[in-house]
Amino acid sequence: MTRVGIINVTGYAGSELARILHNHPDVDLVSVTGRSAAGKELSEVFPHLREASMTITPEIEESVDFVFSALPHAASAEKLKPFIDDGVPAIDISADFRLKDLPTYERWYKVEHPCPNHIEAAVYGLPELHRSEIRQTKLVANPGCFPTGTVLAMAPAVQAGIVEQKVISDCKSGVSGAGRSASMEYGFSELNDNMLAYALGGHRHEPEMTQELSALSSSGEVQVTFVPHLAPMTRGILGTHYTTLSKEVTQAQVNDIYRDFYADEPFARVVPAPPATKQTWGSNDCLLFPVVNESTGILVVVSALDNLVKGAAGAGVQNMNIMLGLNETAGLEALPVYP
Amino acid sequence: MTRVGIINVTGYAGSELARILHNHPDVDLVSVTGRSAAGKELSEVFPHLREASMTITPEIEESVDFVFSALPHAASAEKLKPFIDDGVPAIDISADFRLKDLPTYERWYKVEHPCPNHIEAAVYGLPELHRSEIRQTKLVANPGCFPTGTVLAMAPAVQAGIVEQKVISDCKSGVSGAGRSASMEYGFSELNDNMLAYALGGHRHEPEMTQELSALSSSGEVQVTFVPHLAPMTRGILGTHYTTLSKEVTQAQVNDIYRDFYADEPFARVVPAPPATKQTWGSNDCLLFPVVNESTGILVVVSALDNLVKGAAGAGVQNMNIMLGLNETAGLEALPVYP
Amino acid sequence: MTRVGIINVTGYAGSELARILHNHPDVDLVSVTGRSAAGKELSEVFPHLREASMTITPEIEESVDFVFSALPHAASAEKLKPFIDDGVPAIDISADFRLKDLPTYERWYKVEHPCPNHIEAAVYGLPELHRSEIRQTKLVANPGCFPTGTVLAMAPAVQAGIVEQKVISDCKSGVSGAGRSASMEYGFSELNDNMLAYALGGHRHEPEMTQELSALSSSGEVQVTFVPHLAPMTRGILGTHYTTLSKEVTQAQVNDIYRDFYADEPFARVVPAPPATKQTWGSNDCLLFPVVNESTGILVVVSALDNLVKGAAGAGVQNMNIMLGLNETAGLEALPVYP
Amino acid sequence: MTRVGIINVTGYAGSELARILHNHPDVDLVSVTGRSAAGKELSEVFPHLREASMTITPEIEESVDFVFSALPHAASAEKLKPFIDDGVPAIDISADFRLKDLPTYERWYKVEHPCPNHIEAAVYGLPELHRSEIRQTKLVANPGCFPTGTVLAMAPAVQAGIVEQKVISDCKSGVSGAGRSASMEYGFSELNDNMLAYALGGHRHEPEMTQELSALSSSGEVQVTFVPHLAPMTRGILGTHYTTLSKEVTQAQVNDIYRDFYADEPFARVVPAPPATKQTWGSNDCLLFPVVNESTGILVVVSALDNLVKGAAGAGVQNMNIMLGLNETAGLEALPVYP
């Protein structure tokens, strides 16, 4: 059994890691940290984790074979640094190691990077694109929740060279994506039965989308216009993506391109009807539905995933499984909870 | 036109007062205050009040003929004191003048009362019970949102002497009752699709219920076991009340008692089917539905109201109308918004 | 007082018409019809309309000076025909008279038009584009809920000639847009905390968007790629619109174009921050927020409205006011109910 | 591996059985039936069951070692009869075998019982009360969702003889309890952000509560006044129960009575803070929180459970495990999905 620790278990990504790892057949969760909650039992903070309870400590207290950090960016790289330096395999749920270009990171995140020397070795943890590199690295940068859906939605078309270099990503996110913290903005009374767009001046997840899609393109940079929206739901991201077809392709050809691209993937699934976010609730699936709009020549691709699972903790466990040479789906077999 | 001010417009009761008063035919809203929002336009804080905008000031800046305070308790009485002393008619949305017994107030609210000398003159602002006193006072204590439904639900039965002195009040409240403030506890992700009971050790609204129902009873104190619940909705309180019938009465007799009690009331309505909270959305109605359970001898009374209207701002405007000798329903004629 | 009738009051558009007309100062609602509900009181079907109750009849029973139809398409034109023939001014909430091109209507709606001879005289009831024609017609085709937001969002840019002829309209609608009928698909358990795209093969509101935007363009037809989504909320449409700028314009210039276009409009408002649907709840406002994405050269315009008010019944009353020469905002002054 | 069949997989209890059984280590789901969906793949009807798909047939098509019926009452007993007669162990999710008294069944359910001769042998499947009988029977009547919470909430107090014989059960249920069918009443637009009481004239689950609690009492029949409510959530029942203490007991004594009663139970848990329904989402837990109200002498017990798991399918699998001599928690170990 691999001994695993979670740095900052007290957010939604952290608690979701604890939930999934508790039932994982090949690992033991041995240490969880928190800041203000240090000293409390995990079940005091998260009553649903009553069966997985242990004391929250300020630092990782047991020797661990594997570490996750679910801290915010900057703090995350800083806390992970000693583990990385010691050769402990690590997954960073934050954005610190996702962007290969340091100035891009520092422009979007407005901080100096705490350990830029580890950026190069880090692998962007989207197994559908980087499985073999993940297998060989000791540091995975877990993708952002929005880029996971958008990159998976557009990757087959971009790689196949059937679309132009401009993509519109209109994403509708559940509120848990905003994290677990005291705020009025994300209060129930403010957001219930309500919907709005935000970050219209630019969102930090956009450079990830650009980086990953551009790498797949043989025609240079892919430009993404990304507009996130808050939807009155707890979990889930529904992404609707629009791009102009650069050559005439039929719906059947597009279906083939998408099905081939994801043929062997356990969690990226091309589905036969428009997917709903609830069909992924609590599961690691990303559902994809491409449609050719013949009258306008636009390719529309809909994606649906659970932002806390495939968009965060589940992807982390999938990456861990690959890094440790375990069955890639271990701990992730539970079906979505619906309705 | 009566010139009206609102102290602390930046909570949900305050903004709801502004919404209702904006369309009131007989009053002008001339001054609104806020603390952290002072200097901002009302429409910056509440975009839906764009048509009613004015600058938020730290203190009431215009001479006013009538004042509402929507501050929290203690702070409210303190800010109202100079107005009361000057003879400006006032309505306190907070709890400061509701309880006639000072020690009871200080035990439940855990503060020293800022101006106890005004308690006696204050009238408990439930027009259905105290209309003639409201007409003659210059200080109204607006009832709590929970007591409004519970007292209206039980008053006819208690006054008629058909029930025992013990009442169970099981109330389900929308989250806006918790106010407008930064908190994790009332975050969307925490409360959406979720339900819980709280304040099981006792809630501050219970002594109001006891005070008002006991005053109607010819058999001594009425004891209320009150359990509030948070329901995943923005507005609305559904109250389900249980008490043992002390004499044999039929459903028809109970219907008569309730219909007679509220025969001339514009806002307390006995309805022919179980009411739903959404049927009161944005309106000043309190819907009541009494049922005799013949097999157990229990009288069940369901009440439904909008906690921000009949449970706060609407009741305040109704009280103001009575105090000023206006049409009691002025400004309150809009039908509920449904669905 | 103008005597008004509503054909088919028992859907959400019909009941919303009754709600708004009840408080209208210049009209009397004198007759309402329904099919299965004929013979019932309006308040039995809609308890929130208790103050506006009257008996639902199978046909309009009183002589009326003005008639609304809220029937589904085809049935609507058929029932309106005798009124139109008699010269009674009428507003059709359905789609029957919206499309000027009969074959387009018959292709999308898959029915033969019941009275094609009235199409030409009908005016598309978007006052922001057609006010003077509305003033002079006796037959208004009330716009669809989606086209209202999309056309208002794109009209200033299209007319100003600053954008290309392709528009993407990504709309998120509350479930009341699906109407009031027995279905599993729109059940609470199916849609709560869930989100999905639908009509990916084409939606009937798209030809309306194309018709109205193309008429404003000096460069030929505007092509709209329209994808509607169901969001877990009752009311509201949030539209996010994307189009490529055809010339270099600054954010300030775009703001001027939009503010000038809607300078005298009572209900179309250019707002200073991204609008949320809840800010329009129960009101006739359409909020608009244009943003230039400088790095991609895309103009993003967000729109928010209440689908049952500005998207249906409220627009109908606004049109009626114009047709009757009344104050255009009569009956529509109530502020949005928020939160 | 035990070969299991589900009769009527197309409701929410049926699909939840399929979800849970798919990951059960000791059984194989080999046959599922449906009526209108016969011939379809399970994944067409329930896309979240894509990994568990199989063809839905009109009748059980494989020989099975164990059968669940999730049909409505009457139809259920009729379809189960041949299996029971053949000695196939069976669990009936419907109400057909819950009530020991035939006239009570026929009065509440208004049908003639299709196979009354099997009632006596059937065991009421609440393992916390009847584990040893469940172990020995071939026919389990799975409890109703409301009685599960109410009986577990009151059983310790009733058995300990500390309360009077009258219990008030105020239950708030998620809408999935109403099943999966086309209806307007349970439409999203009708129930979102809304709450109401129903069945105020009596609900079919009341005689189950009375039967089970009376059997635990040494003082005769326990009378239950049961009022169910619809809450705007998909899953979950929050029950708040009120009964008068018949002797003076302290909170500590009550805690001991409850903890002792459930000391060895894997799923009935006495918790240290008021439970929220979301803490049980997708899990088989029933959370219990007893509170003594010292000023009124009332014992309040709050219960929380997932109506589709511990209130239906999960309880069914727990009963199956007991009947088959498997580990009682097999297939039920997944932690709740929160938030």
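Think of it as A, B, C and D in the order they're written, each chain with its own count starting at 1.
Just so we're on the same page, a contact is a pair of C-beta atoms (placed from the backbone, for glycine too) under 8 Å apart; a residue touches a chain by one contact, two chains touch by 3 or more.
Since the model is a prediction, treat every value here as computed from it, not as a measurement.
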Turn needed to bring subunit A onto subunit B - CA fit, degrees, nearest 5: 180
Farthest chain relative to subunit C (centres taken as mean CA coordinates): D
Distance from subunit D to subunit C - Cα centre to Cα centre, in angstrom: 46
Mean-CA-position distance for subunit D and subunit B (Å): 38
Rounded Å distance, subunit A centre to subunit D centre (Cα mean): 36
Subunit B residues counted as touching two or more neighbouring chains: 12, 174, 176, 189-190, 192-193, 232-235, 275-276, 278, 339
Touching residues (chain side subunit A, partner subunit C) in the complex: 166, 168, 170, 172, 174, 189-190, 192-198, 200-202, 223-225, 227, 229, 231-236, 238, 240, 242, 274-278, 289, 291, 293, 295-296, 298, 300, 302, 304, 339
Contact footprint of subunit A on subunit D as seen in their complex: 12, 15, 19, 22-23, 46-52, 176, 192-193, 234-235, 269, 271, 273, 275-276, 278-283, 287, 333-339
Subunit D-facing residues of subunit C, complex: 12, 174-176, 178, 180-184, 186-193, 232-234
